[in-house]
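I have a structure here, written as structure tokens, and I will follow up with some questions on it.
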């Protein structure tokens, strides 16, 4: 082959896979422009996550707050479909990476996506705060919400926990970071006002849940809403791995959702081939 | 860019993805060398599966027998991890393809792989049949097996069904196809002799199970053992889809493995941050 | 434990997993009310798919036409992300079921979902056909479509094939089944009229593609639109398996998207830790 | 229903899902025995990972070194099948969690599993060090290895990087942690001696690679070899998310492995339906 020509075809193909994230040559790996050996050991794991996703290094406090939110949502137990799936998969003769993949795969709009929806809701309120003040901005958004729905306001309420112990803790910590200037604190205030006004309308407290609380943190740190689902996946992967690993240490094979000697109820009709 | 050179680079890249399976040009699709419009409507779905996997068209009887085996293993109910996973995934706000993927992903060595192991076992016996006769070939292989294991012989026994109703039916049908010359029938005979000798050794009948029976069929049809797991995936995908679809028609969200108001038992220690 | 009490808890759990699809007792497996040994060997694989998804047995012609559509979409080559993923996965040391799962998982709204959208579009037209006639029903729907979009009408056009050879073939076959009364033929007529009117509006033929053609078949057979994506997964799984299997027979390890000696272009900024 | 009886059935089911990892009651979440609000904000994200996987809190230095290793392997660019898969999936109309799952799923024995194999190799050497000294223990293990293989020693060598810049950096850092007593340093010494002896046998330096270097770190920290693959998944998930996210910001749909106008080469035979 003509060497020059090959180079041009190669260039077209290499352009097809271009990326701003990583650069590589033999002996050289650069992440977002930084030599990797300069990053290793010099920045924390949350800082590395931030750099990879956003292209620039966070301050130590930004990385610290990101790590707090990532740590908060690692697990919610085997009643969560993702965790149950990880444990069942681990008994089926597949790799631990496969068990994790089957589990992560279900962290969709319903199971995990609530944080994304909550952040969008908070951001829609935020747009109006400067012009009309916090209480009015919240009230207007709630008016619109309750026109179309009787359901739960995104980020509020939990079917199991009367108060989710993670949420107030996350808000407190975010407030501390707002005081030292790491974040603006605007979404914290919106969340608190939202909780207050919904309690007034409903006649009872429907407290901020973990999705709402992490939405506040990720939003304060400037992450776009759709990316927060990815952050949730990174966080929940820890619990998924822990459960898959624990299960893989046990002798069970082909673990089903119910005790082995139980079945399921057939609710269909009888039929016959005629 | 130099046009000739680009062509050469393109050729290198196109070689990288070369395949014997499909050929395409604008307006033309050929599968294994056949114009697709000549295949559509002229061959059955199992025949298409055969053609894609093996590169040549089966006889009608070969395709017929393949379809029989594919139909036999479509479902084993929600106690199977794959089916439970499909149903739980369907409640998490992901697509039906995602629910299927999470489920198919767990059809590994333990959950689904037994057919592959059973076929290998049968084929190892088959190697000795011509030289030493069927009874001796089976007996020798069993001697070696029981030296190393007290467990179940691959393809025999079921923890739930005393006799799996699918297995004798599949053997009967395969015998019919052996009589008309579609298959040789050698593995059918091996399976029957294997069942007989294991019963003598164990003092009770451990009947052929579905994995053993489909192994016989796929082996008689000439499929290599590792490919039978892929055939099982095609087969079980039908049940996985049916369950994911049924579940998606129900209002449940985030369905866990146990009734909603139940939890799990914590079996670990208490601890305290000091 | 109290036996009666255990039974009641068990009943609650077994209700949690209730299904109309499968019933099981030791030695008995019933699919949609039919003993499985009565189904095996008596119905075709497409008929089994139909039974599992819809709860009743199809006529032989209905099953025949379903098989035709399932066969038509098995593969579109390694430029399809699903096929490329299956091949790359097969080189990474995972099982063939895992390779299939990673591939099937991407058959979402964009890659595979077009058939679902096409069927919805055709069904929206069908609603108006009785009242205002076919040409007007099509015209009205197109008016509404082009108000909101300049893009491709669902089910028409292909970026690669000027005429997709699968589409006219599928329409022809469906017409034959309409003539013998297996299907009504209404959606075939809508598709043809749609193609005609879009050609008039655009000044050139934008022919029916494979998504539109399979949408016609599945719709004529009475499958709901969201389930057609599941049918597409069953169909494309065949090609995915064929490619994963072919790749697994080759020695390549860790196969990337480009020839091994090529990289990708870094398009980001340089940076430095200061 | 009889309340006592229901409770007993429930207990059986709750035992089925027992775990040492998480305990939950309304308003209470405990991870490994710790109230979650006591953990949030008080331990780093790597410390949380450690706690979840091992059941006890690490020292700050242990968590620090774990974070170093997790940060080192986040990405290796789009030529890695996992990264290419994440990017292609992101263009197919699936969620970011689905794109991540398809990618993580391929981190099997070949793509990612090398670290596990390297750690097993290092640990096998470690067993002999006390009895026969480091050089002899390494030499004996290499003798056995080269009897059975001409291939690469696990953890050494890279097809792309003459020296992988991550490896020496990770060894240096681990040495520092050995000096302050966080780890024993035994595996660091083994790795160095291994590299030295292999260089002598081969007549050229085959340097430690990233898999070998992270194996050293994880092994020094006391993680069992099979769990290191899970740690690699957590690490590489960061790059997978970054690439899926970057790709999802671009307008490409159905991105294939090659530039859109290129195909693949058909290497099979022609055929004809006769």
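First chain written, first letter: the chains are A, B, C and D, and each begins at residue 1.
In the analysis below, a residue touches a chain if its C-beta (ideal position, glycine included) is under 8 Å from a C-beta of that chain, and two chains touch if they have at least 3 such contacts.
Not measured: the values here are computed from a predicted model.
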Original post:
Which pair, A-D or A-B, has more C-beta contacts?
Top reply: A-D
Subject >> Greatest separation from chain A - chain, by CA centre >> reply: B
Subject >> Interchain centroid distance [CA atoms averaged], chain A/chain C, Å >> reply: 30
Subject >> Centroid distance [mean C-alpha coordinates] between chain D and chain A, Å >> reply: 21
Subject >> CA centroid of chain A to CA centroid of chain B, Å >> reply: 35
**OP:** Going through chain D residue by residue, note those that touch at least 2 other chains and give them in order.
**Re:** 10-13, 15-17, 19-22, 24, 39, 77-79, 84, 94-95, 97-98, 101-102, 105-109, 112-113, 257-259, 262-264
Original post:
What is the shape of the graph in which nodes denote protein chains and edges denote touching chain pairs (line, ring, star, complete, other)?
Top reply: complete
Original post:
Which residues of chain C touch chain D in their complex?
Top reply: 1-2, 4-13, 77-82, 84-85, 88-89, 91-94, 98-99, 101-103, 105-113, 159, 253-258, 260, 262-264
Subject >> Touching residues (chain side chain D, partner chain B) in the complex >> reply: 10-11, 13-24, 30, 32-34, 38-39, 42, 55-57, 94-95, 97-98, 101-102, 105, 257-259, 262-273
Original post:
For the complex, which residues does chain B have touching chain C?
Top reply: 12-13, 15-17, 19-22, 24, 26-29, 31, 35-37, 39-41, 43-46, 48-49, 52-53, 67-68, 70-72, 74-79, 84, 87, 95-98, 100-102, 104-109, 112-113, 160-166, 168-170, 173, 226-227, 229-230, 233-234, 237-239, 241-246, 248, 258-259, 262
